[in-house]
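Take a look at these structures.
Two complexes, one shared chain (chain A), two partners (chain B, chain C).
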Partner chain A sequence: MSFYQFALIQMALKYDAKHDPLGAMRAFKTAFADVEENPDWRSRRLIERQRWNPYSMEGGSTCAVAGDNFVVVASDTRMTAGEINVINREVDKIHPLSDNIVLTTAGFHGDALQMRKLLETHLHKYRFDYRSNMTVDLCAELLARNLYYRRFFPYYTGAILAGIDEHGKGAVFSYDPIGCIERLPYSASGAAEPMLVPFLDCQVGHVTLSEGTERPKLTLERATALVRDAFRGCAEREITTGDSIHLVIAEAGKPIRHERRKLRED
Partner chain B sequence: MAAVDSFQNGVLQCEIEPNGFDFSNCTRNCALARMGAAPPRLNSTGTTIVAVTYKDGVVMGADSRATAGNIIADKHCEKVHYITDSIYACGAGTAADLDQVTKMLSSSLRLLELNTGRKARVITALRIAKQHLFNYMGYIGAYLLIGGVDPTGPYLYDVSANGVTMARPFAAQGSGSYAAITVLEKDFKIGMTEEEASNLVQVALHAGMHGDNASGNSLNLVVITPEKTIFRGPIVPDFCNKPEPIESDYKFKTGSTTVLKKKEIKFDIVESMDMH
Partner chain C sequence: MDGKYGGYHTNTLNPTCTGTSVIAVVYDEGVAVMSDTVVSYGKSARYKNVTRQYKVNDRVIVAFSGDHADFHTLQNIIERQVSKWAVVGQKLNPSALYAFLTSLMYQSRCKMNPFWNTLIIAGWEDNEDGGKPFLGHITQKGVAFEAKHTATGIASHLLTQVIEDETRDKTALNRAKAESILRRAVELAIYHDCLADNEFEIGVVGKTEKASVHTQKPIIGDWSIAETNCQYE
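After this line comes the complex of A and B, so read on.
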């Protein structure tokens, strides 16, 4: 059915074109003149400008798990436009900022890149001013303040900052887009966050385990295996997560390690 | 008068230079919209369906992923629907609508076949589908590719939810159709063999499943020839396999769940049945 036929049916309902064809015609002529005077496309442009939306979402998910002397950060590498079209299969969404600080983001990739640049600049300046590297706690606070600085035009990202703190322990800081900060043992963000968090709650947080039950120790091997499995599970059921897993492992006193694993591509 | 002049100039321009878009209906459509006519609704259809006619038959295929938002609701859903023994329909759009429309089509065509004692024609299926869909003004979100072979030859039709239909030598529908149609446009030839046609449909489906987040998992094919109908599937393409299996096992030891309350119910067995 064409738009015209469709509209005619609707008009007939409204104006009863059969019994009052002249009335319907007159109404149409008035409407036509009205459109010529103030066309929709002009006002629509104004409306569009009022609803100007500078944000987009590129999908994907990311998570981080902190251990006694290590932290595991993982993310998928797919970039998606409009939740449907795959536009890149090998994007790095984990940004190592120094030897002991790793930033990982989900959400609007443009803001993620800008945020990384901002933190890198601050870290560089800190190194210049104080002749030492920033601790992850300080960097976490710095990021929180920078996010809240843009309270009314936020960076549209779900950021996680992970690293090794000054006591050599793993640290994970989780943020909302406007800088609410929380130090957690593990965190997830992005499209598959609702799937990752319950899995980590169960396997890392042991929230469902009864009191007397033995809890497996969170070794580096266990943490990486869990995180890999978490992403394999998410790729099964979440459409914007896939292609490959990028793992970044930071251990106290060791350089940062990267690991890449395949995920399904469909 | 100026408006009329510019309008006529516009028409002339269009006739002289047959390039670009034609906006001549914009004002009319806006006027109709202001009179209360709702513009046609656009549905997002998370699917890839492809169909191709060849020398003496039709090959149709679909992926098997059903999505609810960004979540995969069903990994192995059947989008190639049976209409009659030699007519099938691939569906994109609202899953429930597709199920019901294709069920309705297959039952009414079976009745027709029984009443007339002849095989139903594809055009009949098309007409029933479009009249039904037109009645519901697009609110039944069924986008179909109806294909089949009848005594007058092989046919393929593209049916939109609002009732628009087109006869096509090849077609793709759904969110993966952009990727799939590129393959069809490149490699489709008139008068292909059955093997060429079914390969082309598979490659087109692969393109859709790979490039579109809302399509994937596996594909189903149906090859309709004048003699027989062959259904093939589910076929899992290489890139749809899990590259690595899950590495740990997630079995909970007995006693992992906290016991909050215990209650014992004693009862007598009054009667028992042999359950075999």
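After this line comes the complex of A and C, so read on.
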């Protein structure tokens, strides 16, 4: 019995049924209705859990690899509902925001759309105010702050921001849903993150490679090939990843390039 | 409503009178949308001959599944948007309405007071090179995407594969073929979805056709199996 119910019943007992029968009845009814509405077994936490869930996960995975003067961003194009139902096979989850900034997402697509709109608006306003394009470092900080702004109702997007920084180097920024930010040489997010990260750790970071093994330099060709292989592997083992890979390649001083390859569709 | 004891605000989070699946297919010069015309109250077929397709103007149709009352509100909101555009002498085009409704659905989700609908926006998008068909899908939570074919509700589980098989690798799908695919989908829907009905409508909007919704001849289907399969409790 909750304290509240206890207090109500105490209140009911206070009434003397002989002298104030109506008051006693009212108090009893209130207590009774409360017990019916909030039974003991239905704790606050349970009520919370039974509430409507404003999030849905659309699956899919994404990753980004930074090089000396390029960055490769990849994502699959499948959209799923409830893990088993493929609702679309050609959704773009990579959003080029400007000539040198690319946003990629894997998570709740509604938030992803909103976040893209938000960043595009900010970038547009920046261009208007300062008459120059925002650098990727600034945009990364902007995104982090916007994520943290929604600390108590987070954007569940699994965002990665990639681009070419002002020194012409590839940059990848990784986030958690509430705006913790880190600049990394490579990052992955989404449903197949636990598969992509160890692969990239081994092949790009060379951290889990045996001693004496060849450690080739990361060229653009190698990066795109690795990313393609990574997604081919994920499509085999992760059900919400598949259909096709969308690759976005940004090179210093060159326009952004798009590439699409088929993946398995089952 | 204020909670009687807690005093906190609660929103209605259950649909009452609902419509089941909508299925839509893009063909070479337009879009065809199918929805049945029954309003369910729980599992009972409460009202019949109620349309679930709203013709916004000559080139846009919005179809929905989910709560009817919520859609009436949306219809009102869309109407206001149409007149706003009319003030500046513009006709609402499908992609604009799609963007507007996406934001609207997302906003109400953020207020934890969602519209209990999945929307299908079908239309013909005019542009310099002769225009193109438009088909958009928006969920209750503001997840939106454009597609070549799409389905809502139970049909998205059962029938998307059927439609995909029919439409895949066929570059030129014409209106007659698209409608026959939808009829096949209705037949499968009435076999498998207890809320689906055999009285249905097909809305069409295309390059030459102005947006219009047509009531179709009911599909009876083949129930001969019922004679042999009588495992009623």
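FYI, the second predicted complex is superposed on the first by the 211 of 266 C-alpha atoms of A that agree within 3 Å, B and C clash if a C-alpha of one lies under 4 Å from a C-alpha of the other, contacts with A are read in each partner's own complex, and residues count from 1 in each chain.
Keep this in mind: contacts are C-beta pairs under 8 Å (C-beta built on N, C-alpha and C of every residue); 3 or more make two chains touch, one makes a residue touch a chain.
What you see is a predicted model, and the numbers here were worked out from it, not measured in a lab.
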| item | value |
| --- | --- |
| Contacts of A:M25 with chain B and chain C, given as first, second, both or neither | neither |
| First (chain B), second (chain C), both or neither touched by A:H109 | second |
| Which superposed partner A:N88 touches (first chain B, second chain C, both, neither) | second |
| Chain B versus chain C as contact partner of A:F153, first or second or both or neither | second |
| Touching partner for A:D34 - first (chain B), second (chain C), both, neither | both |
| First (chain B), second (chain C), both or neither touched by A:R51 | second |
| Touched chain A residues, chain B compared with chain C | B |
| Partner chain(s) touched by A:C180 [first = chain B, second = chain C, both, neither] | neither |
| Touched partner set for A:L226, first chain B, second chain C, both or neither | first |
| Partner chain(s) touched by A:V207 [first = chain B, second = chain C, both, neither] | neither |
| Chain C-contacting residues of chain A that also contact chain B | 4, 34, 85-86 |
| Chain A residues touching chain C - in the complex, by the definition given at the top | 4, 33-34, 37-38, 51-52, 54-56, 58, 79, 81, 85-88, 90-91, 108-110, 113-114, 153 |
| Residues of chain B touching chain A in the complex | 3, 25-40, 44, 46, 65, 67, 70-72, 75, 134, 137-138, 162-164, 175, 209-217, 237, 239-248, 250, 253, 255-259 |
| Contact set on chain A toward chain B in their complex | 1-4, 6-7, 9-11, 14-15, 27-28, 31-32, 34-36, 39-41, 59, 80, 83-86, 191, 203, 208-214, 222, 225-226, 228-229, 232-233, 236-240, 261-266 |
| Complex contacts: residues of chain C adjacent to chain A | 4-5, 13, 102, 105-106, 109-110, 112, 114, 137, 139, 141-145, 147, 150, 156-157, 160 |
